[in-house]
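Okay, got some structures for you below.
Shared between the two complexes below is chain A, which has chain B as its partner in the first and chain C in the second.
The block that comes next holds the complex of A and B.
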């Protein structure tokens, strides 16, 4: 039962993720139409009308092309943000627990302060100062996510530091950072993988939210959030416009979560029976 | 014979409370010492102080001289020469003492290459030899396994193997057999004593099991409330105990025949519990539970030495 679920998670999650990565790659080379090409003769087309597979929006831009181009931006932003957040969060946590209880206290309280500031406000400020762009979105979201990940990593690290094998490593003259990177890191790797997949999904969602507020990605660059924002202006007459980006986000987030769950089990040698 | 480890007036405290209060101890080369006491007696803290692995906030004063090196207040660089090379430790919980994400071989490789770089390339052969000596079947296969794939007894043997891999002069075993059953317990201790004998190393066996001590140790030191209350050759201390606490410990040791003959409720117990560090009484730490306590016991009893035995009691038996 366990093995079946495990494979199922990885296969489903993996296929979904691979599918979106392929979509992103395709969009670099080819999209059915130019996603930014306004064709006022073809506004608000439905399914498959005059070659537009998913129809067009209120100014006649092709939705499928938009989704493909959006996939590139959203998946890229999601992965980069999650990667930066996990690396930063882990470093913060290791610095906190590795140096001394005082440093721990100071770092963790600083992270508390960061967590207390609403991410949207930071996003608005950064967007105002530097202009809305992919870069500012990544920075804002990483600053917002890293403290949460740091807490998760720290709480996973502390019990490991109390294990005897850490004492044993100290006996053989290993320093704190050897212990953290060679003993603790492999032991919490499964947690990091799960965090990465969760926060990729979170970042895609958050980026959609930011784009929706107009401080994320805006045309000519396209993300799924951009499409969602444009669609909400015409919910009702053209619900499909909103439905497609929403579904795509939902499926991607689901896929990342399944993949993360599956990978967690694979990375932990204790859960896979015989591997010798 | 000059002692390999000479501990003098060792105190371990966190500034407010003291877990080890003035311990004196000598261990001769090749000697096996049993360090006995209840939980909280300070025996683990004693071991950690020797290894310089005290928890944050705790520090040791006094001296513990290994050869010509004082282990207390040693610099971090000198420390690396000593820990793991001249002193090794066998931990209590074999599952926790091995990194679950690393194969057994990884552990050996690290230790052996750390100890001497010219042996680094031969780590595999060396560890197979060590493990075969300890009775691990298919040692080469065992090296490729993860800790959770081995049985408790095998893991304990691997810990012993790791401790002896660097050919230390002193091995501290902190309750090495509490996590395995009695049949394996005996086997593991046989292996441990055989391995230390082969090296000519000394052994400190930290335990609360008097039966193990009487079987495996030449000398015994009984700890109570952070102090050694009685020490000496095992047969003398356990056979003709002079301190009321040692006597009570020996007396409360479960013997199956006695349980069958006298019924379970006839088991002698020591009344009360060991005082916590906060509520340690003045004078003798044991006086509140002692049936021989007198007003003299409100002063800390001095250590009296007769031959190879030491005693800390005003009213010995």
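The block that comes next holds the complex of A and C.
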């Protein structure tokens, strides 16, 4: 029962993720139509009409091409944001445990403050001041994801610091940061991989939310959130134009979460397979 | 007790200073001068200088920050740069919308989260927690724009039971207001309920592993009995702390939900100001939201402390 669940999570999550990566790669070389091409003779086509598999929007842009191109942007930004967050989070955690208990206290309290603030709201300030862009989206999201990851990394690091091999490295005269990067990092690597996949899902969700609000990605660049925003502004949320991108986001996020949970179970046989 | 309250309050003050400082610096330093942001791309340097002088932006940052803080503390949220309307007037119409939505979503969240959390904890003792877990997993991954759109499509468009957007003030027709609140509250409440159910489940499982429960079981209590007699009471406390975390989630979600259902709440005010680059309006409204989150967290932590007698020994 247990093992079947494990492999099921990884298989489902893995195939969904692979599918989206393939879609992103395909869109680099080919999309059915140019996603930004306006064709006023083909406005608001339905499902499968005149070669447009998922129809077109109110100015005749092909939805499927938009989704494929959007996959590239959304998945890429999601991965970049997650990668930066994991690196930042690990650095914060290492600084906190590495220097002194006093620094630990200060860093963790500052991270507490960041955790209490909704990142979406700060993203609105940044968008007002510097204009919406992919860059500012990635930076703001990373800054707000990093504290949570830092806590996970910190609590995984502390027990390892008490292990015999770490103690002997210290007695041997190794510096704290040498020990952290040479001995602790390889031991928490699996945790970082799991965090990466969970936060890729979170980042895609957050980015599409921001683009949906009009403070993220906008044309000519396309993310899944951009498509949501256009659907909301033109035909309303109860149409295919909104439901297709929303469903794609849902499937991707679910896939990444399943993959993350599955990987956690494989890496850490002691965990019960459930997040708490 | 005094020590705890002092520490917690000091942390609150630190949070307010840190977040307000962050917002203040973002607004002042990130996009060049706020005056040039307000005047747009085609402003001349002379215009920018004149406006800076008029708004007092030429003074030292510390002085400006102090003035801003004292304005916020006095509840003076300023006026819109473009329309000249006082924010207070706008807030009076927008706040009831956002507050109603948050309360509605929280209620729905509790209604979903508590039964699901208990069911999931019970089933995990019987060795079959997987299906309920999978549901809450989906609930957490569910984007607001997906659940909102699907709910609108089914209950708004197809069945026609509830309006799919807009707002009627409470004073006009409370029944209509409630009808307008149903779909947005459920949309936002699903995510909250899913997170809540996980925390409730963990809290219950933790409690049920305690020695006193095991002793009770050894004396012949059934799983259900032990759960409802001792489990829930002891699991309630950890759940209170989660409510603090959920507020931040709630505020972020409210912005999306209000947009999705075209509700004239706080987020419409903020987004309007963002698009119009009405920089000080954004600054003040965002600070207001963050203060709200921090205050709720403070209240939650203090009440947790007062509720849990073990912490006061």
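To be clear about the criterion, the second predicted complex is superposed on the first by the 243 of 276 C-alpha atoms of A that agree within 3 Å, B and C clash if a C-alpha of one lies under 4 Å from a C-alpha of the other, contacts with A are read in each partner's own complex, and residues count from 1 in each chain.
The rule we apply is simple: a residue touches a chain if its C-beta (ideal position, glycine included) is under 8 Å from a C-beta of that chain, and two chains touch if they have at least 3 such contacts.
None of these values were measured; they are calculated from a predicted model.
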Let me test your reading of the model: by the given contact rule, A:63 touches which partner, first (chain B), second (chain C), both or neither? neither
Looking at the overlay, what does A:23 touch: chain B (first), chain C (second), both, or neither? neither
Just checking: does A:73 make contact with chain B only, chain C only, both, or neither of them? Give me first, second, both or neither. neither
With both complexes overlaid on chain A, does A:191 touch chain B (first), chain C (second), both or neither? neither
Chain B versus chain C as contact partner of A:109, first or second or both or neither: second
Between chain B (first) and chain C (second), which does A:163 come into contact with in this model arrangement: first, second, both, or neither? first
Looking at the overlay, what does A:54 touch: chain B (first), chain C (second), both, or neither? neither
First, second, both or neither for A:86, with chain B first and chain C second: neither
Of chain B and chain C, which one contacts the greater number of residues in chain A? C
Go through chain A and flag every residue that touches chain B in one model and chain C in the other. 274-276
Sites on chain A touched by chain C in the complex: 5, 109-110, 112-113, 115-122, 124-131, 201, 205, 208-209, 212-215, 228, 232, 236-238, 242-243, 246-247, 249-250, 253-254, 257-258, 261, 274-276
Under the stated contact criterion, what part of chain C meets chain A in this complex? 11, 14-15, 18-19, 22-23, 26-27, 30-31, 34, 37, 124, 129-130, 133, 137-138, 140-146, 148-150, 152-153, 156-157, 164-165, 198-199, 201-202, 248-249, 251-252, 255-256, 259-260, 270-271, 273-275, 277-279, 282-283, 286, 289-290, 293-294, 297
Where on chain A is chain B touching in the complex? 100-101, 163-165, 167-173, 183, 186-187, 189, 269-270, 274-276
What part of chain B is in contact with chain A in the complex they form? 51, 53, 56, 79-80, 83-84, 88-89, 91-93, 96-102, 110-111, 114-115, 141, 144-146, 148-149, 162
